[in-house]
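Below are structures written as structure tokens.
Here subunit A shows up in two complexes: once beside subunit B, once beside subunit C.
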Partner chain A sequence: MIEITPRENPSRLLTAGVPVLAAVLSLVLAAIPLAFAGAPILDAYGQMVTGVFGSAFAFTEMLTRATPLIFTGLAAAVAFKARLWNIGGEGQLYLGAMAAVWVGTGMIDGPPILMVPLVLLAGAIAGGLGMLGPAVLKTRFGADEVVTSLLLNFIILIFVQMMLEGPLKDPMSLGWPQSEPIVDAAVLPQLMEKMRLHAGFLLAIGTAVIAHVIMAMTVWGLKIRAVGENPAAAKHAGIPVTRVFLAVAFASGALAGLAGVSEVAGLKGYLTADLSPGFGYTGIVVAMLAGLSPLGVVASAIFIASVFVGTDSMSRAIGVSSFLADLTVSMSLICVLLGGFFARFRIRRLKAGEAA
Partner chain B sequence: MTTSQPVLSLRGMTKRFGTVTAADAIDLDLSRGEVLALLGENGAGKTTLMNMLFGQYTPDSGSVHVWDESGTERLLPPGQPHAAIEARIGMVHQHFTLAENLSVVDNILLGTERLFHLNRNRRAARAKLEALMTHSGLHAPLDARIRDLSVGERQRVEILKALYRDVRILVLDEPTAVLTPQEADGLFVSMRSMVAQGLSVIFISHKLREVLSFSDRIAVLRHGAKVGEMATAEADTHSIIRMMIGEEHDAPERSPGKTGETALRLSGINVAPGRDTGGLLDVSLDLKAGEIVGIAGVSGNGQSALARVISGLVAPSSGSIETATASQTALTPRTALAQGIGRIPEDRHHDGIVAALSVAENLVIERLDDPEVSRAGFLKRSAMAKHAEDLSAAYDVRGPGIHARAALLSGGNIQKLILARVLETHPGVILANQPTRGLDFRAAAEVSRRLIAARDRGAGVILISEDLDEVLSLADRILVMHAGELTETASRDRSAIGQLMAGHAA
Partner chain C sequence: MMDILQIFLSDSFWAASLRIATPLIFGVLGALLCERSGVLNLGIEGIFVVGAMMGWLTAYLTGSLWLGVIFAALSGGLFGLFHAVLTVPLGLSQHVSGLGITMFATALMSFSYRTIFPQVSTPPRIEPFRALDVPLLSDLPFLGPVLFQQTAMTWLALLLVALLWWIMDRTALGVAIKAVGDNPDAVNAQGLSVIRLRMGAVVAGSALMALGGAFLTMSAFDAFFFGMVNGRGWICIALVIFASWQPGKALLGALLFGMFDALQVRLQTEAGALIPGQVFLMVPYVLSIVALIIAARKADYPRALLQPWFKGQR
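Moving on, here comes the complex of A and B:
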């Protein structure tokens, strides 16, 4: 028999330590599939580390990969704080990217000081509207936003493919379904010579800091937390619950939209239907691993990007499937969920005959 | 009839949680056909003791002995809920454990049938139930769904559920909290007849009048220990209360107040009945400054709807609401607050606090845009902390500190937090909905004292309570709510008011 009792007040060390432990544990557990694949395990870990920290280029590549994950992680973290289950980050990312391309491929002509903010704004608005839909359906008709926002992902992706075959298609692309390139004035500047790391990364960090400040220090943050934790009491206290909910939905969608803008205007330069390898979904893992803390999102996005980039380079070096990265990321989520359970509850084994 | 034949004996039951001793070597004996009242303030250890009896907690030390019909003694293995059920010990909880979407019969049979039994012998079960209902005098519509029943009916279903399992020992946890005096009397008559046939009852209640009239013996717990035990025949209210709180309990001091202008006027308010709340039928109410208007009634007769209208949670379909500053057809929580209506909600956990937020945050949640709380959208953290320290001290809110989650406070301290939040702004109107429900004497007396002080300061107070004693002791005027209608009564007679609560004209 075991006895499970809730911990009255889980310590800060415990709540902060659990995700870190979970991350480490998921890396350790990756040894099991590595062993099955017959890879030299220590060598493989070595390759992973070199793949991320081995050179300035490798390191900036990792940060480049972390950039969209910070945005989508923030999108999930902000929404989940208000108990708004935005699973549509992937679709909102594409909406943001599409709006950026629409505004940034010659519709308007201007200097970078005007074009960059415009492109960002357009993407944020498009993403925000993308989540506002499911949120309105939720507040008006009680439709489950998990289902509506998730299904919207597929609709949006197919819509993007249609646009790329039609109005958005680049006539110079030799038949490939891709958009025209973003004009130079709207491109997010590179941070270093010969590296792909771009200003989107700094923007992501800044956004995380702002999100943290809003959540922890403002009336709005308090309202969001109150609405998420107990909407009935929030309503009773005079907080406009529906309005807060819709505002959070818009903000969350906008953050995911910025991920799309940053990928298209900072990295790729043009839109294709394979812009995102599931950044929207991975953002959910990032947010959970971060315990929904905006600053934690930065750390967990960097961890998960490291796993992806490190495993990529490992698989190239020793010929192990790069799906190992997905496996490790998934295990980290399972570990953090289990870890959260152990942080909230005290588990004690009872000796035979002992009273619980 | 009390016999000398023992059925249950708890010996030296002890349970510690960390450094807190929730139960300290408690002995308790129960005979066949005996009603034992278990008394104590909140946190005295009643629930802990019952949880040990039912195997929910395993005691650190102590043992539970039961005797079967033949008088053979047996030891109940600790920490095993099914052992108590097999020994035919049943409990009716204060919070019902019924499936809302199932019928009465289904709820009663739930758990008594085998999982993979295909043919259910419903006819035999119904026959047994019918017999049981005639036998006990507890009646419930067998085919109605639980969600369509009143609270009183639900409770009868709970008791029938226990009786259907042939319990020999029945624990009733505050069974009359939701009943009219007549219903409560009916319940006691039924229980008496069951007791005469050999049922043994452990009766947990805060209402001393019931304890004195219904029980055979009284055991009092305080701070986890049994501090006294006596035959009910030898007990009186004063001696019991002295034992419970260790000092004489004073009825709240009050003198007739000076009433002033109208503080709140409701005219012709109608609200359609909801799924689980009664509606309002042409309700009018004129609340003066400096008076406490008590609204008595059995729950489900529209009190919730009235409270929701005044709180701004529900818009009436017709009628008008007039405060000292404005007249309108409906309030919102915001306009109610702006017009000086302080609200103490019925369900303090559900509507009163956000448990995951800190004590300090909960204390200001109704006035986040107040310049004392925030500037330019940013919270004034240090001002909030000082404010919280001051209020906690003034209202004696005890807990792990102002930055701890409100979830860690006990029920009484949560109520003090809400009281502090409501009263510090000196509202002209105070809506107190079941303000002392579930609180122990000391906490309840404190709430009553604060409400009277607010009245003396010139606030108009609407006190909605199912506890008639509370209404009688606090209210300057009494109105009775039945089936959505509000009737004023000049009578202070329990049975006359009880008649009104049951819908009979006085």
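Moving on, here comes the complex of A and C:
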């Protein structure tokens, strides 16, 4: 027989070590599909490493990829802390991008000092409203926000395609469904010559720090955690549970919306329906790997961006499908989930005759 | 108005409704079985992909459609077992595990497809299930085309509705599964294994979900495409609440859904010039949310849904 008992106090080292172990393990496990694909395994890993660390350009490309993941990771982390299952990050990202394009392609003209905050604000509000909807459906009607936020992803993506063939379509695009380019004043500037890394990255880091301060050091953070840990007790303690829940929903959606703004105004310059290769969904993995800690999100976003950029580069060199990256990322989620179990429980084999 | 009446009178409309409903029937039954035992299975979207890919691949390699159906169910059950191990004996978050299974399953199937068929210009095809041709019955006016010219998988789905209804309502096993989703302590006190019941229900439910995916590649189409499941799994999670976890109502919900979807396709051809086509594409997802809102208030959730159970606690 096996006995499973909760650990008295899970050590900090264990709690912090689990995500790192999970990340390493998922990379090791990637050898199995590599072997199946008949790839030279060590060579493939080598290609992945040089694909990220081989040059300054490669490294900044990785940081560029990490930028939206920090935002969507924060969106999931903040929501999950309050036990709000926002699985709609992908849709909220597109809402943010659409709002940025709507405001930033000539509707308003102004200097960068005005335009940049304006597109950010528009995107954040659009994304925030995108999650406020499912949250209200939850508090008013009891409709499960997991399902509604998930289904909204599909609705919003179709809506984006509709807008890109209609009101948002660039008349100069020769028939391609894409928006007009963002005006220069609203563009998030590049950080270095000849690199695509843009100010959105710094903004993402700054946002993570702010989120950390709010969650760890303010009454607001305390309330959010209280609502997540025990809504009944929080209510008893006089915390307006519904209001906190709705506020978290708005904040979470706004964070995902900023991912969309950052991609449109910092990287692509215009909106297409393939702006995001699933950043919203990957944000969930980022948040879980980070143990829902806002600062941890930065680290895990960088890890996952490295997996994607490294695998892409390996895929080009060796020809193994780049779906390997999605596979590795999904395995890291399952590993960290399992790891959480071993951090929280002690597992002991009972000798014959010993009572449980 | 006349046009809409004509749609409702045509046998092709009702045949299409049942055809569209078929994968959802499999999926809702699967989700129902898992949730009745107390386990939410958000792996459904990925398990649909597993069923679609494994069923199609088996049929492609062996030439046997029924072998494909069996393999789809087995592979789905395997991923279900994965979810069951994580959520039942280990008691980990059903939300996170389910999403993890969906991501893992989808990525694994996409990776496998690309590895087995590197850069094909046209996707390899199979000879899919053909419409049944039942002597006499298929020639009946109206009922013939609607019921008796469907593929064998649609009939399998309808049979499974009856089977699951019988199991859940008429057998001791069904009573035990429902009890374990409502009050696992009571089940344990009776000397039954909570862990085994729940794991069994999740594995069987996942096998059913995979059949929904298999229908897509082996009956509705004849090839595997990335993104072909397109949220059908999530729709099933909404429909099972709408169906208050009852097989009969699950069939009804899936059929209603199929009807609306068939209707929007036909209205699209009528009103295509006036309304952008995308509006119609949104209909299934909007409908699912509406169904959820209608049903949520009076939804009688299995009481122990989402709650892990450990032996010897409390």
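The rule we apply is simple: the second predicted complex is superposed on the first by the 350 of 356 C-alpha atoms of A that agree within 3 Å, B and C clash if a C-alpha of one lies under 4 Å from a C-alpha of the other, contacts with A are read in each partner's own complex, and residues count from 1 in each chain.
The definition used in the following text is that contacts are C-beta pairs under 8 Å (C-beta built on N, C-alpha and C of every residue); 3 or more make two chains touch, one makes a residue touch a chain.
For clarity, every value in this text was computed on a predicted model and none was experimentally measured.
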* Partner, of subunit C and subunit B, that touches more residues belonging to subunit A -> C
* Asked: In the superposed arrangement, which partner chain does A:226 touch: subunit B (first), subunit C (second), both, or neither?
  -> first
* **Contacts of A:208 with subunit B and subunit C, given as first, second, both or neither** => neither
* To do: Examine A:151 and indicate which partner it touches, taking first as subunit B and second as subunit C; both and neither are also allowed.
  => second
* To do: Could you say whether A:217 touches subunit B, subunit C, both of them, or neither, answering first, second, both or neither?
  => first
* To do: Could you look at A:237 and tell me whether it touches subunit B, subunit C, both or neither (first, second, both, neither)?
  => first
* Asked: Is there a shared patch on subunit A that both subunit B and subunit C touch, and which residues make it up?
  -> 356
* Which subunit A residues qualify as touching subunit B in the complex? -> 1, 8-9, 217-220, 222-223, 225-226, 229-230, 232-240, 354-356
* Partner subunit A, residues of subunit B touching it in the complex -> 57-60, 78-79, 311-313, 332-334, 336-337, 343, 345, 350-357, 361, 365-366, 368-369, 373-374, 377-379, 381, 400, 404-405, 408
* To do: In the complex, go through subunit A and note every residue touching subunit C.
  => 4, 33, 36-37, 85, 87, 137, 141-144, 146-148, 150-155, 158-159, 161-162, 165-166, 281, 284-285, 288, 319-321, 323-324, 326-327, 329-331, 333-334, 337-338, 340-341, 356
* To do: Flag every residue of subunit C that touches subunit A in the complex, lowest number first.
  => 42, 86, 90, 92-93, 95-97, 99-101, 103-104, 106-108, 110-111, 114-115, 118, 230-231, 234-235, 237-238, 241, 276, 278-279, 281-282, 285-286, 288-289, 292-293, 296-297, 299, 310, 312
